[in-house]
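You will see two complexes here that share chain A, one where it goes with chain B and one where it goes with chain C.
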Partner chain A sequence: MGNVIGIGASPKRKEDQRFLTGRGNYVSDIKRPGMTAGVFVRSPHGHAILRSIDKSAALASPGVIAVLTGEDAAADKLGSLPCGWGITDAKGVPMKEPPFPMLAQGKVRFVGDMVAFVVAETPAQASAAAELLTVDYEVLPSVVGVLEAVRPGAPQLFDDVPNNICCDWELGDKAAVETAFRKAAHVAKLSLVNNRLIGNPMEPRAAIAEYEPGTDRFTLWTTSQFPHVVRFLMGALVLNIPQHKLRVVAPDVGGGFGVKQFHYGEEAVITWAAKRVMRPIKWVASRSEGYVSDRHGRDHVTEAELALDETGKFLAFRVNTLANMGGYLSTFGPNIPTNLYGPLLGGVYTTPAIYCNVKVVFTNTVPVDAYRGAGRPEATFVLERIVDVAASEMGIDRVEIRRRNMIPKEAYPYQTPVLVQYDSGDPMGCLDGALVAADVKNFGIRKAESARRGKFRGLGYSTYVEACGLAPSRFAGRLGARGGLYESATVRVHPTGQVTVMIGTHNHGQGHETTFAQIVSEKLGVAFDNVDIVFGDTDRVQFGMGTYGSRSLVVGGAALSKATDKVVAKGKKIAAHLLEAAEVDIQFEAGKFSVAGTDRMKTFEEIAGAAYVPHDYPLEVLEPGLEEQAYYDPVNFTYPGGCHIAEVEIDPETGTVTLVNYTAVDDVGTVINPMIVEGQLHGGIVQGVGQALYENAVYDEGSGQLLSGSLMDYCMPRADHMPMMKIATHSTLCTHTPMGVKGCGEVGTIGSPAAVINAVVDALSHLGVTHVDMPATPNRIWRLLQNASLPVAAE
Partner chain B sequence: MQISFTLNGRPTIVDVEPATLVAELLREQLNLTGTHIGCDTSQCGACVVHLDGLPVKSCTLLAPALDGATLLTIEGLQGAPGSNRLHPMQEAFREHHGLQCGFCTPGMLMTAVALATERPDLTEADVRHGLEGNICRCTGYQNIVVSVMAGAAAMNAARGE
Partner chain C sequence: MKPFAYHQPDRIPDAAKLLTSIEDSKLLAGGMTLIPTLKQRLASPPALVDLSRLGHLKGITDDGATITIGAMTPHAVVAASKLVKAKIPGLAALASMIGDPAVRIRGTIGGSVANNDPAADYPAGVLGLGATVVTSTREIAADGFFRGLFETALEPGEIITALRFPMPLKAGYAKFKAPASRYALVGVFVAKFADGVRVAVTGAGSGVFRVPPMEEALSRSFDPSAIAAIRIDTDGLTSDIHAEADYRAHLVTVMAKRAVDAAVS
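Let's turn to the complex of A and B:
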């Protein structure tokens, strides 16, 4: 039977048994009878005219069943891959939205752009045939960097997108900012790059598609964070398959981080091809294939200016950013560097005037979209870097300047000048907690000790706030979302009292099967072991927008909470009938329905049984069954926040940066399962550290080749890159979500890059270093040291 | 060609194309899908198995090398089939939340068991260094390191019994 395990406990995870024993069920593990193998032929050029494709040799190759190209897709009148957000410029002019064909038509626009799909009996035969496909390209010059792409004379990706600018977006009161700058006692300026990243979930993307002629139904198994959205976008807008004839299953998925929250062309091609060949088809990406086809993240070039008065109070903040979109608009693409970036530029500070201009730019690179944090790490990095620059230039302590500008706890709810209103928070409390946990007061001793060993030690701070729980649909609609972003949950109580939950979010590492079961266990008084969570199958789950933007608990958990409330409400009606009492007199507590002030009661199991097999039941006023569904749309974003402190040691001989201490104090609202939350923070922080110190997706200008095209060239954080992190929470409750939760999936990635780079700059500040771009690799640091005026010896 | 080897304690004979990788043989021919393929450059370690007691990346080992050898995969780590009891290292990963999405987990466990077998007095630094060939994107490694230390201690305790 087991026990009730509720909110605040850390039971071991329900999902672990299958993963620990090799019994997970990932897409690449699945086999279907008669299954064939699919291989994509991808452009080796960054930019080229697709003159012709000769299929004959490939078709004649052993085992080949079909070779499909963009011409075949056009002949079948298939749609373009849709973009879920339409942003506009300051005058209300919509963004340029060129079509994104699932297989290239007329032109290829990045290395990895899909040119053809080869289906054969075996993967080896498909790969061999793909080599025989003759594609005639007229190679054009590529442009990969945003600065280069907007220059006059740059290669143009689309005939009707002048200067490769998709949208010239702005936010904030430009005039108020200019006025404030004129009055400023000091203006800090900073130019920086937010480096391009590759998400690298450990499971490469994969898909299997099958068509059943007997029922005219399609099934797509795909590595997706949002199977219902894939069904909706692909069925309704790309392949013209009615929703009831299309099942999308995302079973166990090996990490997402945003990379798997888009509708990819591969999904549409394989589903379309499955009907054409009347056989199931499987495609599994190699890691290197993922590098040139998984959507990338970040990639900004930014100029920022902060205006301050003589006491160090922030008067105004002005940010101009060029954001790389890659070769086409991906599902959330244009939303990320605009709506998820500009509104976060206030941070935890009272800056009264903010203006942000973002030019969203096409280049000959993989499309760029959301990657864990998505816009918010970029905003935090700009703000927290320039705060350090200003502090240094004005001779104010870095903690003190933050304190002088922080929003006091009492000032919440706090309306920022950039649309968002924070409902709750206590940035000062997080900062104070982090200062103690990081033992900042003894940093000087540690620095001196490092110096004795010839090393430079530095300390870096980053505060942050993020908007998550995507999303309040009305607000998102005003920003350009083409659909609402609510979430749904169904709570099915079985006749014996056990519970199955069908929920529209997707679990790919976050522990939903455990966390959501805790919510049900607490709310219904049902044993934790008697609750199962079902997700990831459009035939089993009603609908849902999936998992991204730290929304699962905030939006999905709220829907689940609402649905359990409805179960209790119906249970009370049943209990009132069985106990011959008025409904208003029925109380529900700890799994028991009782009549107030009496010892008459029914257990949850008794009510469940009575609901399903009633023989004494007022059928005219009460329906049998105990299953309730709820949809939830948040009224606002949630605003997790916190303070991170990084401590690094730099070896001047080699330029190697070692992260020696890391402390985070985060406000994530109510914590359902502390063990899982801590795990989310660990993982997020290390992804941010990866951006700051190791990871960089690099393209060759001109050829458009991805130089960091494999795990050999793209440095992922390893176990020995990290010290033991110190994690704590300092929670204020969200005022508008049912349980006070704020979300925790992205906070680590948002707070950490600025903390680490601020520490690196601090370690090198005695050499006159004021900024270091990410990643702070040994090469980059060593070069800085060679150019610095001082000899290589610590003070 | 035909090869014969011991797989998770059972004598096994299979016909394979000589160019088949052990990871492919396990996953495609023998339906043991717990061994995962996470990269194509032998970096990620999701495919680690034990060949004659030593950890190897099965994505870079050709199947003919198995002939006459003893192979242990994640599916055999628990011991006799039919038991749902976890190996002490699996139990430690569960106890200390050493996994999230689960994709790197089989390889992590196989590497961890080999580390703990080789060095009963593992330090944190040994574990971090020893996991150099296994990449995890979810956990930030902290709870994996804690799990491996705890699992190694439990394996030691079991040996002492």
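Let's turn to the complex of A and C:
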């Protein structure tokens, strides 16, 4: 059946058969016998003391089975939601880590903080009862912005976290940077805001929990990017359920972008409640509920300075950032603006000295955590913006200043002053490719044509690198990771030669079922159609850290590659026996085991058959069966990157920015499936464009209300915002991953915001505009034009 | 959504009677505005009175001097209507800019006008054209119909049955879409009649309003340049996370110029 479809091919995605025919199986599609409905009651206040909760009216409401609060959780001695990273400040003092109760205790700290869980026979009954819950709040002033939160006299979220500072983190050689600044011919300065974002996966979060008294086992179906991690964090650290008594299933998941890579309180509450009510419970978030409970992303305020010599060479880079954590520490929270930010500030440049200080700050907002790119888009934005500022202040062409500072291809592996060592790359090659693809040569003609129509046209560059393939465990451990970051895969060859792969990553839109099948098809010579990829169920998959940080192919694919190697190695032993040859003389190619230099051979299917019907088999030295497992812990991060070029046109009358051209030439290492890589780039770029031009999560200072609390007020990028994109790869191979892959899931989101904003600033530079904060909304652009020194007219 | 009774009357008087006899009951037209508020449990009427069986409320007729659009006519039908496109192309264009295809197929002109959302498009067309709101009991001139934020002259139990539009010499609509919702951040409808010009603005304030200085200027010269220097006062204009009042004021001028452009082209 079917053919080998291997590395470099673009077959249609296997998973789309079920998605496009409406046969996906999402959490909310699942029904369990006797299932009840759960609804969370959430705080309407940003900051308040929880005086008391009167359950009586809710409990008396029709169909109600249970009403649970933080007091009940405390009485059952349940743990706090754990943070997966423990960072330390410059003096080695651990971050402040206040408890994060799954249902609020004593105080609520953001609009959406969970106060109670109502279980009823139907969703409508649960909602009706939830409205009858009487919660007595003593409302306190909220603080939502980082600048406000660290000011003296600001509302304090926690008694033992002075000035709301969780950690005063730093990285780099402060003294070396200061020395370099003293010698600088020029210092470029930039203050910027990295806007707060809301992930908005198409499928809202949902969960079903069930307890089986006969076996004392729990099952949690949840919209998660990492079911094994949820099993560990929730079972071992929150609910005290032994790992073998807890099954976590993440079936089809409709998009994650990071939003679903955390252990959420909802998961713990519903699992705990399922045993208390002895019935399965389902909870499905509404979109509005997602806005006030899905972890948000970004939200930095930054001051940056770049020191240069008279030729435009970067001497030192200094960055001071205030990073918003929201009301509590989420699973990866403090890691994102620190370890995934500071080490990226070297970019693709040879800057010899870098210093970064990040104050991680609590505020009365939804906890902030990883969102596609996570820390790296923020770093790229600061660096690629200030490079443009420096170029314009020194009168050096923006491409030229980048060339003068870029790490040449020959200099790899390249050790940066901020921990990371890039193994491979060719930023200049990506830049050269992008300049041609974007037809930069003729930009002047296009700009003049726009000017004739009264429009301003601008071009923006972002030459960037990121670190993904999270992560080398030992390295991560030194930085504060509390878990491992390897991945695992099992390759099960069936007696008939078909293959089932059990892998610890989770596919929620990335096309793993296709890409991973291509790897197996190529490496084992079996038909693409004869390979299935299984993921997302702790009872079926051995173990896994899940999917985030562009790690699935890099780390999971490596484990898979290693496991297939083991299958081939065992197959050779079987073939040697059957072909009466020495093992060293057996070759495996294109699905055939043969004796070198002869025409004697056995097919992959024959070897599989022999392994499961071991009549003629070396049982004394070899076990029957053909199933191999591998764990892979990467030796380094991978460093994809490239050059993005955005071209925008601005209508000075309304301030509207239109993205008219977009070019990306990226180095993602080996490309397994070009179509899927292109799709990942498309999606990633659109998300980055969303941050640059449209998306903004806005809170009201004082009340802590989320003003952009729905799609009516939070602007997502739409298809008609985008031009056709020009996407190409210019790859160097990763030197330490088995297949040379680097990952491509986040590059689009990391490279694009700076390219777009640099283009906007370029379009307005003749008016003296030097910076525009994201999102560059029409109102914001119009305001800049109002304040600009020159009259509003096309040049 | 909370439970409610559902009625589907065949005659206007029956609908009106249900509406007055069941306290807090609501008319249901396309449901594009009403159903989301029910789903979010922001409203919980005991009964809905569905107008969809009142077939004669749907459709567009022309008596030579006016065009009458039945209250239950969906936006998509107005947008595609040969008659409207020929006689008042600016109104067809307005309808084509509302929401997305699904909203245009379900949402109705009567529902939109009755709802009087401060950022809705139709109120600008109705006021700009000086249309007449025809109800189950009377006729109301547009100038007296819209009363600010979601408020209209409709009495309890009163049902809009049609909108009657006089035919302008020229008319145009320009809409600056709110980035997220794509309702009007500012929408301006301009209509030129033999006896003068009307300019109606939606989105900018708490309800649709006219701009007399622009009307006078355009009555003298129906050209964008005639109003380029007219800036409306920011008093009473909305300031929110999408746009500040002075930006909205600026957009009124820009959109008014573009509406005139659309009307003459």
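Operating definition for what follows: the second predicted complex is superposed on the first by the 795 of 795 C-alpha atoms of A that agree within 3 Å, B and C clash if a C-alpha of one lies under 4 Å from a C-alpha of the other, contacts with A are read in each partner's own complex, and residues count from 1 in each chain.
We take it that a contact is a pair of C-beta atoms (placed from the backbone, for glycine too) under 8 Å apart; a residue touches a chain by one contact, two chains touch by 3 or more.
This one's a predicted model, so the numbers in the text were calculated from it and none came from an experiment.
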| Between chain B (first) and chain C (second), which does A:Arg474 come into contact with in this model arrangement: first, second, both, or neither? | neither
| query | First (chain B), second (chain C), both or neither: which does A:Leu707 touch? | reply | second
| task | Scan A:Arg51 for contacts with chain B and chain C and give back first, second, both or neither. | result | neither
| task | Go through the superposed model and pick first if A:Arg540 touches only chain B, second if only chain C, both, or neither. | result | neither
| Partner chain(s) touched by A:Tyr694 [first = chain B, second = chain C, both, neither] | second
| request: Based on the superposed arrangement, let me know which partner A:Ser288 touches: chain B (first), chain C (second), both, or neither? | output: both
| query | Taking the superposition as given, does A:Tyr26 touch the first partner, chain B, the second, chain C, both, or neither? | reply | first
| said: Once chain A of both complexes is superposed, is A:Val686 in touch with chain B (first), chain C (second), both, or neither? | reply: first
| request: Across the two complexes, find the residues of chain A that touch chain B and also touch chain C. | output: 288, 711-712, 716
| task | State the interface residues of chain A toward chain B in the complex, per the touch definition above. | result | 12-13, 15-24, 26, 28-29, 31, 200-204, 252-255, 257, 286-288, 508-511, 675-676, 678-679, 682-687, 710-712, 716-720, 722, 724-725, 748
| task | Report the residues of chain B in contact with chain A in the complex, numbered from low to high. | result | 27, 31-41, 43-44, 46, 73-75, 77-78, 84, 86, 90, 93-95, 97, 99-106, 109, 124-125, 127-129, 131-132, 134-145
| Interfacial residue positions of chain A with respect to chain C in the complex | 124, 127-128, 131, 288, 653-655, 694, 696, 698, 707-708, 711-716, 777-779, 782-783
| chain C residues touching chain A - in the complex, by the definition given at the top | 1-3, 40-41, 176, 179-181, 240-244, 247, 250-251, 254
